[in-house]
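Look for chain A in each of the two complexes below; its partner is chain B in the first and chain C in the second.
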Partner chain A sequence: MKDTTVILSAHNLYKRFTQKRSPTSPSGVLTAVDNVNLELAIGETMGIAGESGCGKTTLGKLMAGLIQPDDGEICFSGENISGLSPDRYKKFRRQTQMIFQDPFSSLNPRMRIGDIISEPLLISQAGSAANRRSTVEALMATVGLRPEFFNRFPHEFSGGQRQRIGIARALATAPAVIVADEPVSALDVSIQAQIINLLLEMKATYNLSLVFISHDLSVLKHVCDRVSIMYLGSIVESAPAQQLFQRCLHPYTEALLAAVPRITNDAGPRPIVLKDDIPSPFAIPSGCRFHTRCRYAREKCIHEVPELELKHSDHRAACHFSEELFLS
Partner chain B sequence: MSFKNSYFSSIFWPRLRHNKLAVAGGIVVLLFLTAALAAPLISPYEPNAINAWQVLAPPSWQHWFGTDELGRDVFSRILYGSRISLKVGFVAVGIAVFIGTVVGLVAGYYSGVVDTILMRMVDIMLCFPAFFLILAVITFLEPSIWYIMMVIGLTGWMGVARLVRAETLSIREMDYILAARSIGCSDRRIIFRHILPNAMSPVLVSATLGVAGAILTESALSFLGIGVQPPTPSWGNILTSGKDYIEFAWWLSLFPGLAILVTVLAYNLLGEGVRDALDPRVKRQ
Partner chain C sequence: MPPLLTIDRLHTCFPFQDGVQCAVNDLSLSIHKGSTVALVGESGSGKSMTALSIMRLVPSPGFIREGSIVLDGTDLLGLSEESMRKIRGSRISMVFQEPMTSLNPVLRIGDQIMEPLMLHRKLPRKDAAERAAELLRTVGMPAAGDRLRDYPHQLSGGMRQRVVIAMALACNPDLLIADEPTTALDVTIQAQILELIDSLRRNSDMGILLVTHDLGIIAERSDVTCVMYAGRIVESAASPELLHNPGHPYTKALLASLPQNAEPGKPLNALTGQPPGLNSNLTGCGFCERCPIPLPECRQQVPPLTETTPGHYVRCWNRI
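Right after this comes the complex of A and B.
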């Protein structure tokens, strides 16, 4: 059974970016993360999905402590991290590691693979140089890299191998939480499965908790215990993966699910084509933020903000009419 | 350390080797460096040895580049002069690169107020006509080669600072910098271990070109008589003494002038070759 102790949680998290006025664009405030609450249990895999530009990556960076929230708090093992002393904060940061989307910009091109993976050990001054080398070689073996690669440079590797290097680097700090920000979207489909399986394997071996950010719902279905759907910086639906994929409660989730390509004979549900583009995060619509594109939208949706509330056991959605709608 | 598979051996070097002009420039640069280092071994005469019987002798087998108004061998003087000129070039550029790199890294990495202050300093420094600043400083201080190097270096770092800052600004946004932060790297480690090595390529180019510029500046200062003081030979002051006799002793002006021209050209060709080899946008022919 899954441990239900919460290791990392976010409470009323906000992150805004201000754009300075320039001749071509007026000044404005971009709300990237808007009142997000999340709880990640030990050993759990939580998926975060949404269109590009919805704030997934910003949320991931907040959770990993790489950027500071403007409001709200992040707790690690029940401790608010903004209240930590710089020393303790550094320790927390090493406890949550990130795996990046682009395997080409996530490795320093002028450093050898061995140096990249052993840097976390070097900084924490763990063991002698020879000791570190053997630790790194063991790590490389676990992620499927040959020890001869120790002295090579990143440009000699393919995307999949680079992602393995990134995973090895993240594991080198012995983290408790890994935030994987679209770890496979830059890779070939044939390599994607390998990297996902590697992540799951590492998660089991090291008892990690995983935040898995992706726009690919079929990947999330395969990987996650729980999935949260993000739209314009807010979470609109959050449920255990099985439940969400069986019966979603938010029209946005419905549209996303309908857009997943599948191979069947029967016609199945038609893809629901959302009208217009995603609204600008500089001007988030009033009321329900999805009402401009929702095919079920009514008068109430324009004026009242729906809360993310519990609809069934463990299934939350932010929609006024989720009980009335029978979404596919 | 294996050099075999480094960035330089696998990308940079093959690209540079294909550029014939750059290779030619590199060979000339190496030739002049060797000549400068080996000057005491290969110069046929003492550079300051006066020979009253051979005053203003035209080029001959005894004196390849002729002799000057005191009967000194011009070839030997140019050889020794190259030591001065190259020393000035390298030390001045070294100072400029050091200051420029540190200023650029700090400004680019910390941005905000620090960046604004440092970059306005750069703007102010760029407002001074550097050559006249050098003239003014040198006239107050006694003209010595060390002052010249320092002044050329201290007035030449702004370009490097701007280059490094621009590079730093873009490198700072790379994911590997975030990764470094997340494994607990200090700012200093991020700047020197992760940003600096990636920001150095344009600096290498500007340093190579800068050597040429510094040699020219030193020659000009010496030509005006406030650079390297006679009897120590430098390309600039050999040229100066030549100008008085240019009507009947052309060799006194021609050879030091040629030395300056060839060296500066060689450094410029090499620098441009290095730039093309480092620039991923330039396709290999």
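Right after this comes the complex of A and C.
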């Protein structure tokens, strides 16, 4: 890697949600993010993958500063953001922006496109109204929207174009970090490629660092430098993308990879390696949290929690037996 | 053996202020017993509308203007509404995309699975309940017997989709239409559901129409693939042939734009532009605006679906 200066990092991060008792469910505490450590280097793209409900969106929101952690800290350029003065905190908020999954619900239907994109500028009180207008028009041009669209409403646009609006809004404050939460999952195949290209282009132009959350491993393989796999709130494996896709060290990663239908697969579908649903996050299994679905699980896995440890250069996995297993 | 289902020149249309537009335009395909035909395309390409036309559930004000849909010798379009109702859920059933919205939230799942059995097969309640539990076991629901009294909200997305499949299979249909059955699910659950549908096909000789936008799924789970664009089939062939030897520029572009076919970090070969809307008054080929190799005639006339090699059909002026 060219530059390994860390811009955004998480240390022993926890986020818990409590559920009140209701007629259909008992009360309980859900640990959505459970002791997560992450480091994002300047100019790096970090992928986060996992099944729905594994906490990847919560982690993304924590990293973007949209919600506060219950425990642990998030550091931006080495500074703990929860200890910042209101003034400095505002500056931090300008530095991290988020792109959301659903381009239909993430834009206010009653606001004009121009106002949506200039709102972050308004909040951060950057420039005069005329200045803002020209900044917004320049941004619209960069993301491939015609400046004439300034006064239109979101419903006049297709999913792909709306995602461009979301990207322009995220770029408005000239951030250093963008957290993209499933930015292409809701789009058609032919539009997905356009938006992925746009994100890669913007990243290169503005030297952005990206946190790219997705359940689509082929997309992550394409855009990411590093990939972390989450399961029930914890990171179970983290490695440089190429290394991870070449040889993963956690059985869960293996299962995720095996489940992706492949075009170049002439041998037909591979046997399913993962049975059942993800366990309830209110009752995380003992020991290794994956043991209930793991086909390699042994006695030790039920009782002892495996640490996320360095297995070999830059490759971490939380599995007792990763050295012995030959995962595909 | 004649095909189980034959669709011939189907036109499903919607009225607009300035005339009628076809969401499904001149579509013909056939499905044999025990085989899976995949319908691929982007949103708005007409694939779901084709599925709904077979069920005769085209939403108003849409209507089927012409064509025929023949199931085992009977033209479905000529049937009375009452006879059609006897076919839906009994001989043809459908699995919808959203397992959250295709179940009734205020009915127990047992009752929902029993409904087609009691209506179509006239089973008494007790037998229907037994069969429902058996169906839930077939679709891999853990503790199936106890789940009959559950409501949909008590189940996860994957389990709800299993319930929807159990409902669809209740009367041993000849044809199963699966409209994006796994789009709302995780990849791990998707693999389970696709394997389930596939194993049921192998065991019961049912024909399947699989609507999807995922090219990986058609590679692994279908025998024949039809690619739709702007309401028309633009290419159809045996699935391996179509994926290895695509003939239409749209199919080629789709395959080329996939991340797995690109070098990591490099720009993807994205298709520019977006598909035409339903009300865009196309005179020629619907794809010509985005096509890398358009010919003058592409704007004037719709190319015919031509057999380029045996069993491989392409709708493109460049291939004629």
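Throughout what follows, the second predicted complex is superposed on the first by the 321 of 328 C-alpha atoms of A that agree within 3 Å, B and C clash if a C-alpha of one lies under 4 Å from a C-alpha of the other, contacts with A are read in each partner's own complex, and residues count from 1 in each chain.
What we mean here is this: contacts are C-beta pairs under 8 Å (C-beta built on N, C-alpha and C of every residue); 3 or more make two chains touch, one makes a residue touch a chain.
Just so we're clear, the structure is a prediction, and the values are computed from it rather than from any experiment.
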> So if we stack both complexes on chain A, do chain B and chain C clash, or do they fit?
Replying inline: fit
> Which partner does A:Glu201 contact after superposing on A: first (chain B), second (chain C), both, neither?
Replying inline: second
>> On the A-aligned overlay, A:Thr18 touches which partner chain: chain B = first, chain C = second, or both, or neither?
In response: neither
> Once the shared chain is lined up, is A:Ala193 touching chain B (first), chain C (second), both, or neither of them?
Replying inline: second
> Touching A:Asn151 in the superposition: chain B (first), chain C (second), both, neither?
Replying inline: first
>> Touch test for A:Ser85: chain B only (first), chain C only (second), both, or neither?
In response: neither
>> For A:Gln125, using the defined touch cut-off, is the partner it touches chain B, chain C, both, or neither? Pick first, second, both or neither.
In response: neither
> A:Ser313 contacts which: chain B (first), chain C (second), both, neither?
Replying inline: neither
>> Just to be sure I read the superposition right, which of the two partners does A:Ala259 touch: chain B = first, chain C = second, or both, or neither?
In response: second
>> Which partner chains sit in contact with A:Gln246 here, chain B, chain C, both or neither? Use first/second/both/neither.
In response: neither
> Who wins on chain A residues touched, chain B or chain C?
Replying inline: C
>> Considering the aligned complexes, could you tell me the closest Cα pair distance between chain B and chain C in angstrom?
In response: 10
> So which positions on chain A get touched by both chain B and chain C?
Replying inline: none
> Given the complex with chain A, which residues does chain C contribute to the contact?
Replying inline: 42-43, 142, 153-154, 156-159, 186-192, 194-195, 198, 213-217, 219-221, 240, 243, 253-255, 257-262, 264-265, 267-272, 274-275
> Where on chain B is chain A touching in the complex?
Replying inline: 2, 5-7, 10-11, 174-176, 178-185, 189, 193-194, 197-198
>> For the complex, give me every residue of chain A touching chain C.
In response: 24, 51-52, 158-161, 188-194, 196-197, 200-201, 215-219, 221-223, 241-242, 255-256, 258-266, 268-269, 272, 274-278
> Which of the residues in chain A come into contact with chain B in the complex?
Replying inline: 61, 64-66, 90, 93-94, 96-98, 100-102, 105-111, 119-120, 123-124, 151-153, 155-156, 166, 169, 172-173
